[in-house]
Amino acid sequence: MTHFVRNAWYVAAWSTEIDGELRRFTILGDHVVMFRKTDGTVSALEDRCPHRLLPLSRGKRIGDTVQCGYHGLTFDGTTGMCTRVPGQTNLPRSAYVTAYPIEERHGIVWIWMGDPEKADPSKVFDMPEFSDPDWAVHHGDALYLKSNYLNVAENLVDPAHVSFVHPTTLGNAASENVPVHVQTEGEAIVAWRWIRDAEPIGFFKGFGGFTGNVDRWHYYYLYTPCTAVIDFGSVETEKNCAEEDRNAGVRIFALHLITPVTETETIDRWLHIRNTALDDPQAETTMDAMFRKAFQEDKEILEAVQEEEDRPARRRPIRLAIDKGPLVYRKRINDLLELERTEDLASDPSPAFVYHD
Amino acid sequence: MTHFVRNAWYVAAWSTEIDGELRRFTILGDHVVMFRKTDGTVSALEDRCPHRLLPLSRGKRIGDTVQCGYHGLTFDGTTGMCTRVPGQTNLPRSAYVTAYPIEERHGIVWIWMGDPEKADPSKVFDMPEFSDPDWAVHHGDALYLKSNYLNVAENLVDPAHVSFVHPTTLGNAASENVPVHVQTEGEAIVAWRWIRDAEPIGFFKGFGGFTGNVDRWHYYYLYTPCTAVIDFGSVETEKNCAEEDRNAGVRIFALHLITPVTETETIDRWLHIRNTALDDPQAETTMDAMFRKAFQEDKEILEAVQEEEDRPARRRPIRLAIDKGPLVYRKRINDLLELERTEDLASDPSPAFVYHD
Amino acid sequence: MTHFVRNAWYVAAWSTEIDGELRRFTILGDHVVMFRKTDGTVSALEDRCPHRLLPLSRGKRIGDTVQCGYHGLTFDGTTGMCTRVPGQTNLPRSAYVTAYPIEERHGIVWIWMGDPEKADPSKVFDMPEFSDPDWAVHHGDALYLKSNYLNVAENLVDPAHVSFVHPTTLGNAASENVPVHVQTEGEAIVAWRWIRDAEPIGFFKGFGGFTGNVDRWHYYYLYTPCTAVIDFGSVETEKNCAEEDRNAGVRIFALHLITPVTETETIDRWLHIRNTALDDPQAETTMDAMFRKAFQEDKEILEAVQEEEDRPARRRPIRLAIDKGPLVYRKRINDLLELERTEDLASDPSPAFVYHD
């Protein structure tokens, strides 16, 4: 059994990764060929000819169609239907490839790998700061990890690891024993903590220019299945900042757009949105460098965890107080998987039969 | 279950690949050690000592015997029987390795991997042009492919791929929609087509010196399980050549001698026989270069197909009008496999019980 | 099913391999983290945090404890019990890692991977020559082999391979047909032979300086499961040496301390103890070089055997007169495995129920 929720929007690529060439991407274990059509929109097709299984990305783009490189079967880039079979005039009904719904916004290409009838563009993740002139958006990079996406996502709703994995970048010893709050807010799981009146962490020494003690916050929002927003920042302790006034400090949203590649591989495309140093490209470079260092620390941990998960286990892992966020996340994923596994008429979100308990 | 027909002659090697040294070959998934005995004939033994399983190719040739490199058990190069066990005087009956029947002709070493009692030398593939002074024979090369032999063989009775895989060498757009004829002729499956009054393909521009339009033929003969003969050529259109008069044109037999190595690896030893430029070594070099380019195109396709076949499938592949030859071929292989799988008295080619339907 | 006897002392490392750093070793398929505590003794813990499975060797040593690098759980280096869980004050009973019993002597670190209650330090292999001033001990090296430990151990109670695998180092043709004696002496299986009045082998030409004919002995002691002692030497034939007077010749004990790493990987740590050239470092260098060459010959054979064992078999391997030692060894291992597999009250070494046959 695979552990992928299919009925969801996933990030397929940065917009800059897709052009007129046929390019292969692997998403939820499936191969997808993508290219930009003549009208500029993105075509995303199953990357396997239904005849002799050659990847279509080995073939040739002809206008807005793709011609298979083995026997010339040709498929429409929008519908996936076969438009030509050399050697015969009829086009069999089963001569098609899956065409995946695509939404592109803010330089990000989202793909829907599940039931196309359920693909609702209004459900694509968005936040107002993307379009707000008081905020600056900066695309970071695509981090490839040899680890299951659940390990990667769970790490993003887990403030407790920061002191130990990122002691010189995103955390320090001051936070080791500060309790973590966790709650759900609609589709988001939120874990957060404030570390009050402490030395600034390495990141905010480098960015923000703090010298004295600060109040620092970390809010981890994880939207099921695969979008994480980390709202973190610092403000001088003497300002006595209220929790809801975080815009008064140096505030950064670090977004992690997680794409399950295979059961043991994940891509984490990350970007950040900030309220400080808006027109300062040097600030972006500095932040990128700090993030890269921190995410490399995560990568090493998460890949080592995956290796151990792949080995036989003698006993069940233990769970602790700090695992509240990850546990809620895994439960939500399991519920979604179960819903998709048994999908039938009753699994409709508005069932006719109402259960009273 | 493996998908190898065992009771058949396969090409083990070019004659030039075998000398006095012990050399390992892998054929139908089995390791075989081969060397040339003192009388010049080829010894082919199971490459695994029955004692502690060391490959005999790790041992030492002593005259026409092979001595295991671990404990010195020695095996006769002709019969495979053990002739010496150091430390004891009796030779146990089960101390032997399989000795495979071998036939060598026209510089090609054929091996029989099945029941030795069924090995009939008269069934080794041959054709009169090998020995006819009006024809020149030229050994090409051994192409290694990471693809199942069925994919490789099927590609050789599939004229429809030529326009798309070899657009600049063996085919061009003129043939894309020309129908393919398929029939069986005894043990051969034959697929063919004539492309009349068209521009010569790249191959016959380079070889044959055609400038005006030509009639071009491709006849694909596939002898079960693994020998393919492609009879192809061109003749000036104005000569109005009949189908049976192909010797009047520039005619080439391209032979593909296919050896299944493992379930996912195949060697295609190819050679060509021509009725033109008999004493022209430059012609051979030119042809080799063109073939190498074309076969590299096949290799890339067939290896990509294998990768996809190794992945889980959501739906059944489709079959088309152009697949007639491949379908007959796969059916024949399946019939042979079934015959070998259930081999018993009734599977004899002349059963006593006759079924009336 | 794994084929490891767990209730036994195995060599974990040379003493020199372990210092204050956290180091990972793989033994019987399990990962173990080892380091030297402040009192100089060796800590050996299961190398996997019971929380999110990160190897502890990725974490940090803090005094005599190990802190996990993911969430900071901390474990005692002696007991394996968790001493700290950041974010909570209670320490759950199941928060522990296995702590393995260790014995260190003669520069060798022994580990007990089985039931700790059965770990009896008096059962660690020892021999008086380790501490006898008339003998010199020299640690050799750690040879890594891609082969199951049974193949490696069995090779060490198998004098018959010497003539064929080591014809220029440890054996020569003179011994090919000399019979091998085998008997059991308590926990040891002993195989031996004397080659009388023959040319010295390469080893004793290089070490011992023999020029005329010698009597040469090889005694192979294999202590179940994984300790081999090879007592071999040479003495001038004219001295007419009795079997029990081997100290009169040049005598060497070559010890092989075999550690199963995984089902297909083994480490053979070897050392030698000699009664000749005690204070001659050049002798050690010469012996090391000769051993290295010979053990490389074994490695090539044993890895090739493993490759064949991993392939499907058509028929059962045969066993010969020379296999007496290996057969007794495999039977003993199988008996021990069966005892561990079904371990219950009745498997106690002093059962209340006595079987009369």
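By written order: A, B and C. Residues from 1 in each chain.
We adopt the following convention: contacts are C-beta pairs under 8 Å (C-beta built on N, C-alpha and C of every residue); 3 or more make two chains touch, one makes a residue touch a chain.
Treat the numbers as computed from the prediction; the structure is a model and nothing was measured.
Note on connectivity: the fewest chain-to-chain touch steps from chain A to chain C number 1. The two sequence copies chain A and chain B touch through a face in which the numbers common to both fall below half of the numbers used overall.
Chain A and chain B, compared by their mean Cα positions, are separated by 49 Å.
Contact of a single residue of chain C with at least two other chains is seen at no position.
Residues of chain A touching chain B in their complex: 48, 50-55, 58, 67-72, 85-88, 92, 94-95. Taken in their complex, chain B has these residues touching chain A: 160-161, 163-165, 176-177, 179-180, 300-301, 304-305, 308-309, 315, 317-322.
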